[in-house]
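Data first, discussion second: the structure below is written as structure tokens.
For clarity, chains are labelled A, B, C, D and E in written order, and residue numbers in each chain start from 1.
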Amino acid sequence: MSEPILAVRGLHTAIRTPSGPLEILRGVDLEVDRGETLAVVGESGSGKSFTALSIAGLLPAGAEVTSGQVLLEGRDLVALREPERRTVRGAEVGMVYQDPMTSLNPMMRIGRQVTEGLRAHGWSKDAARDRAVTVLGEVGLPSPQALMRLYPHQLSGGMRQRVLIACAIAPRPKVLIADEPTTALDVTIQQQIIQLVARLRDEYGIAVVWITHDLGVVARIADRVAVVYAGRVTELARTRALFATPHHPYTDGLLRSLPTPGDPHQAPLPQIGGSPVALSALPPGCPFAPRCAQRQDRCDTEEPPLIDRAGSRAACWVPREDWRAPSAGVTSRA
Amino acid sequence: SPSGSQNSSSGGSTFVVARTGDIDKLDPHLATAFQTQQTLGLVYSTLVKTSAAGQIQPDLATKWTTSSDGKTVDFTLRSGVTWQDGSPFTSKDVKASIERILDQKTGAVSRSNLVAIKKVDAPDDTSVVLHLSQPSASLLYSLTTVNSSIESAKDISAGTVGKKPNGTGAFAWSAWNPGQQVVLTGNAKYFGGAPKIKKLEFRVIPDESSILSGMKASAFQLGLISDPGVARQAGKSDTYSLVKQPALAYHVLMLNGRKGPLKNQQVRQAISCAIDRNQVMQTAAYGDGTVTGPITSPAFAYSPTDGLPCTPGDTAKAKSMLAAAGYAQGFSLTTIVETGEYATAGAEAQNLQSQLAKIGVKLTLKQLSTGPYVSAWLDADYDAAVALNGGSYDPFLMYGRYFTSGGSLAKPAGLNSSTLADLLTQGNATSDDGKRQGTFRNLQKELLTESPWVWTFRSDDYYLVGSNVHGFTPRPDELLSSLTATS
Amino acid sequence: MSVLPTVAEPMGSVPATPGRSSLLARIWRDRNGRIGLTVIVLLAVIAVLGALGVLPHDPIAQHPAARLQGPSSRYWFGTDQFGRDIAARAAVGIWTSLRVAVVSVAAAAVIGSVLGISAGFFGGWVDQIVSRFIDILFAFPAILLALAVVSALGNGWQNTAIAIAVVYTPIFTRVSRGPTLTVGGAEYIKAQRVLGTPLPRILLRHVLPNVSAPIVVQVTLALSWAILTESALSFLGLGTRPPTPSLGLMVSDARNTVATAWWTLTFPALAIVIAVITLNLLGDGLRSALDPRRDSRP
Amino acid sequence: MLNWRWLGARALGALITLLGVTVVVFVVLRTIPGDAITASLGIESGTLTPAQRASLEHFYGIDRPWFAQLWAWISGVAHGDLGLSLTNGKSVTSLVASSLPVTVELAVLSALIGTAFGVVLGVLAGSRPGRASDSLTQGASLVGLAIPEFVLGTAVVTILAEAFHYFPDTGTFVPLTRSVSGNMSQILYPSLVLAVAFAANVMRTTRSEYVEMADADYVRTARGKGLSPGRVRRSHILRNATIPIVTLTGIQFGYLLGGTVIIEQIFALPGMGRLLFTAISNRDYPVVQGTVLVIAVLFVLVNLLVDLLYRMIDPRTRAS
Amino acid sequence: MPDRPTSGEIAIDVRDVVKHYRTPGRGEVQALDRVSVSVGRGQVLGVVGESGCGKSTLARLLTRLERPDSGSVEILGRRIDLAKRGELRELRRGIQLVFQDPYASLDPRQRIGAALAEVLTVHRLPSGDGRVGELLETVGLPPSTAGRYPHQLSGGQRQRIGIARALAVQPQILVLDEPVSALDVSVRAEIINLLVRLRDELGLTFVFISHDLGVVRHLADRIAVMYLGKIVEYGPWDVVSDTPGHPYTRALQTAVPIADPGLDAPPTELVVTGEVPDAANPPSGCRFHPRCPLAEDRCRSVEPLMLPASGRHRLACHVVQSEAATADGTNG
């Protein structure tokens, strides 16, 4: 098996809080190959954004990676000192953010925002300019020349997200990390962005890490999926495999809770009971155990590692074959 | 000194006098602010002037004689005097000036002191005769004030008085920058001899501490201050010396004898007895000054408390006097206090308050800035008023306007007393020195007995005199005439 | 006047979140807040002691024999030109200064907030009128306002307080209007309207508490300016009515004795500086305690 | 780029404000006891005969009903005539014209010094929140805010005089255009004193804006592009912090225009603060009215300028 | 699939409603332009459309947070847009609104219990812990929730509170403005199930607003599709969601990604290009024409009318309408 372009191994990230340090990521494992899209899904607050920021080295003040590795083509980024790290950022790992309305500097012209990243990585002024025009065209923005002189507030949300993507891919990075890039957009625009990123991925041969909480989006774009729960990856699998046979009851619950075509007026939607755990008050064993219908005694005491299950990997002690009933992890009453 | 250009006295070009206030008008007949009088007093001359000790001396008039009935005064004028604009000075100027003062429409300040003048004659260029309706001993003193300055008849008829001062004094008018400075130049043709100072600047430095700092840095040649607190800080310095000069003005607690308990003479006396004058002076003025009775003129120096049935500060006596008057429990008074005009007002008021509290009189301080204070004062709309009243070399000029019937300030004076009025009129009707002494001594006694007000002390004026300044001597009336001879 | 009032930085559109813990506890968690809270309580205790007159010396009684004495075991901070105990006067001075500050700022905050909230909530012509009125007050030199009030009414702490209140009212209007615009458009206010909650109740129970954070922070800042303004007015001869001591009065009086009796100025000036710094620190503490971004995460 | 309609609306608003100021100052002045005559003659005004008083009232124009006076004044203003001073008879226009440059220069210089120091210190503190340098700068700014201006001013004057035998020049005001050094010897020290509180305020705002802006999404974007920390600070954090700083500076500057009186007293500068203060004490209505109007005009102009500046700095408010 | 029979009574009747906003920077925004729609008692109307198409504006008009520029809004037979103060309070007991952002719609400084009790007090309904507990139970929350602050609840729990609060006045109509858009997938199902239960148990009338056709489909009897301030298609839920007529509805339908990796990406000709135009400056003719794969010349100039396609199904599209006409023609 060839080495993945980006691999995350046992990543732990903690943040300083008034009541002491809090572990947000508790051992994240991921990998993604060149030309491939990895989707990271999970509930709000599960640590998806922290994973992205840890990879890019953009953690907020007070947060830091405490252990683990981020391997870009085998090179551990965590071990790099900040100035070297900076040469990777943008140039080799590009980021696109969730909120296109606030992620562009409102006081700076679009052109400058695209070129400044290039200039930081040694591009000449003219080369950067040409590249910016090209790349703005590539992301499907009309009349890039004129656009360069506009300010963000003169663009719509969808256009701004395209600009952000242009900023990220302009230096031809090897990995593009997109943190919920379509959540703030309309479905029709989301569809356009999905297509755009897929096209760019294929043209550039880059690896994409796409963070989302929408399983529909996952199905549409991802080659591989990582499901995050309470700061850990609970299941890591190829997309089709995951949708067909989830090996973690949480994944299973998520998939079942989706409205399906057919006659929706008949039965209530299946749903996962309980509510997500707070990172500051994790139970001793598996963090999903309190909501889990497949729970066994062991789950309350010992946290499961990622276990290989028929080509997938899932952090669950109970093999799918031993589940009480396919839908038992799921209650159907409101 | 690093201050460089401005420090020019050594070069002899400009002599800078720093003071807190500016002049407000250019017509000496209307000048009330003492800064204006100080300044215009150097530009204009008067018929006669006073020595620092209060003696009448020649100025534009070299000789004068009063008729035996006291109703005619003859002046012989100095000849060869020229106005600063070059025209010659004659008796017509004197006649025109006095008539201008007497004219109601002018609103001249010294009119009320000169009303005795019925008629002015100018028989020739160097003689002037004043015809009086009645003898007036204070007349000559009235003629010494800046408000009685002689203006040029030409200016008067042209209506240009108050536009650009044109006098016969030691200094000629040069420029006025309101709020900042007044510049005068030495009058080479001055009849008293050309002053050594060629250029004299009065500069406004509103903050007295800053004047002191400026003196330390030799930025000024003369600094005029009135705040004893600042004077105390002056200490010793090699750039200036501090000269103290007792002023004619007196600090006083005026009582409104037409109001409430104060109508009762015993009550007023009790208040007067309760107040230790020295303590007021010690606390408010750091001991600088002189405890005084009503009359501050050096020529009429009497015991400051003779006339009171007690030694002031005798609280027990004062209390019993109050009790006798029916106020054993004391009472409340509100006093108006002027802020911003002179430094010690607040402190005096606070000490008076503390002293009166001992006899059960609760004094409430109502601090007012000048405008409202003056309004209230003029309307006699007060129980008591902490005041600094101007003095004069002549007692009649000090109290005639307060305590004679028809006196212009009889209302704010707060008391009508025919005894006082008679004494004042008597004192003014005779020019016999001995008689005047007796009358004014009685006046002082009567004022203390009636106790319309409580006189506390005369404060010192402070002059910070630059160490390279010679020949400056201060005067009790705060005029700066000695600048004529200063270098 | 010496004080340059500034409007506290906007606190963002999100209303403040109350914590599980009380406001005091949240201020306590902030270092600046902790210092501010401690010292202000200390000052308040001193002030109350001063006001109650339980101090060893009478702040008003004059002892002409003991004038201008340096600090000693009898007179901790020395005596002034009347032989009054500076320590006692400073204690009462803190009381006076705080009282002037509190009364004026309270008045300004109440009137200003009512105007600001009305303008922000109702918009339209109400907003137009209020905003114009505020513009006019702002364009007025503060000193004229203060001088006019004091000249018209005479001096005395109440009038000083009125003067300061007039100067600071427009600031509170401005500070409360902005957040009200945001809060007024917030969904929970719309929700109340749909639920049929009467307008006064919406304003009092829902708008006011949610715009209070910036107002409260502004209050601490304004308190500190008010103390400075009181001293500035005293310098111009328009402050508290003697013999009641106020810090500003003591400092401006002592300007003339400082060279010969340093203690007359030093202690009251120090008290002003400490009070102002303390209030600013308290403001910082409050700001961070009320910051919606702080522990807004579950 | 200029939006004329916006400018027109703003100008109209400003005009209404100024009219309001005019009326209010007029009313306020007349609530204060004492009138021009007592102000100008002091206690001597008690010696006036009724006829004299009437003629003086006529002379000062205070015998007419107040609305007539107001109208006369406003129509005078419209012709650039602010009336005559009651105390010294000079034209108010000339008094204001001579004191205006002093105050404006004082305010401008202290604003420049204050802003420069404030921004530099604010960035210093804000870029390393929680560090010793942060605490130190913040502490210093608090002290700067807390010292009463007259104490600081007196201290500066006294120390200069005691220790260096120096006293700032108090002679005729030397305009900057005539002599820079002469002008500075008058204006520099008072500006420095005024700049202390100004800088302290600017520093505090800069710091908190800096800390806040450093958290903004677009700053993260910029860091994500691999920009150096210095670049991020200059092009992203600071550039966006300019708007609140400009606002604050504008507000403070506006206040300064009407708030230099104490410093002008101590340093004996012939500025508008002192003119106003003296005029108020003297009940010199025309001077007070004129000065207040001019200060208000300046204040309104500064606000307009700040708004204009915003619209230049902030592309979002620019008319497209 | 039953098109649930209308009870004959009309709960909501909106006629020719126009609402324009004058904004300083943008000019006049045509948030709603001659919109008519009615909902029968006990029915669920689903409203879908992209951001800015006027969905929330419609909700605000229905609950009289705002009044229309013209047209009429009738709630339970009475004109809510004309109601005076007292009458309005009464009418609002009939219609309630649940907001999109459950956090923003709760006063952050009020405990849950107090918030619910306040509604009861204001409407002089029997309050007290018992009633509050009942309400909480209705939305599936334990009574202990009453003691909490909004920020101490999860998103789903907050949305339940929003619903409970609306139910407190026992309304007959609930307007739900994107009640699940802000929620996680795992929680979304809970709320939808809750709403279904309430509809069935309490017989409520719903106006359910969403931008997600998939979600609306799950709940609605009728669906109205909006585009730039206009309703462009309206009909029974299954017709509109499964075999939509209007090209915009079709685009919406295919744009929502389906959670099935086996499915191919939608054919490119159904993907709408470009973005929603500014409502302040809507395109001439058919407002959708610049993005429409079927656009013809007349679409640029002539505004299509809402015409019946079949039965209760109506839409506004020149191309589809004429195709149908031709088809009818050939058939007939």
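Points to keep in mind about this one:
Everything below uses one rule, namely that a contact is a pair of C-beta atoms (placed from the backbone, for glycine too) under 8 Å apart; a residue touches a chain by one contact, two chains touch by 3 or more.
Values in this document were obtained by computation on a predicted structure and should not be read as measured data.
Counting hops only between chains that touch, chain A reaches chain D in a minimum of 1.
By number of C-beta pairs in contact, A-E leads when B-C and A-E are compared.
Ranked by how far their CA centres sit from the centre of chain A, the chains are topped by B.
Distance from the chain A centre to the chain B centre is 91 Å, each centre being the mean of its Cα atoms. We define each chain's centre as the mean of its Cα atoms; on that basis chain B and chain E are separated by 89 Å.
One inter-chain figure worth recording: chain A and chain C are separated by 50 Å, centre to centre, where each centre is the mean of the chain's CA atoms.
Chain centres here are Cα means. That of chain C falls 22 Å from that of chain D. Looking at chain D, residues 32-33, 154, 158, 280 sit in touch with two or more other chains.
For chain B, residues that reach two or more other chains under the stated contact definition are 209, 340, 369, 371-372. Residue numbers of chain E whose C-beta contacts span two or more other chains: 154.
Against chain A, the residues of chain D that register as touching in their complex are 129, 214-218, 220-228, 231, 235-236, 239-240, 313-316, 320. Interface residues of chain A facing chain D in the complex, by the touch rule stated above, are 56, 58, 60-61, 86-91, 94-95, 97, 99, 102-108, 116-117, 120-121, 151, 153-154, 164, 167-168, 171. Chain contact summary for the complex, chain C toward chain E: residues 15-18, 20, 186-188, 190-198, 201, 205-206, 209-210, 296, 298. Across the complex, chain E is touched by residues 43-44, 156, 158-159, 186-192, 194-195, 213-220, 222, 239-240, 243, 253-255, 257-259, 261, 263-265, 268-272, 275-276, 333-334 of chain A. Those residues of chain D lying in contact with chain B across their complex are 32-35, 38-49, 51-52, 55-56, 85, 87-90, 95, 98-99, 154, 157-158, 160-162, 164-167, 169-173, 182, 185, 264-268, 270, 274-275, 278, 280-283.
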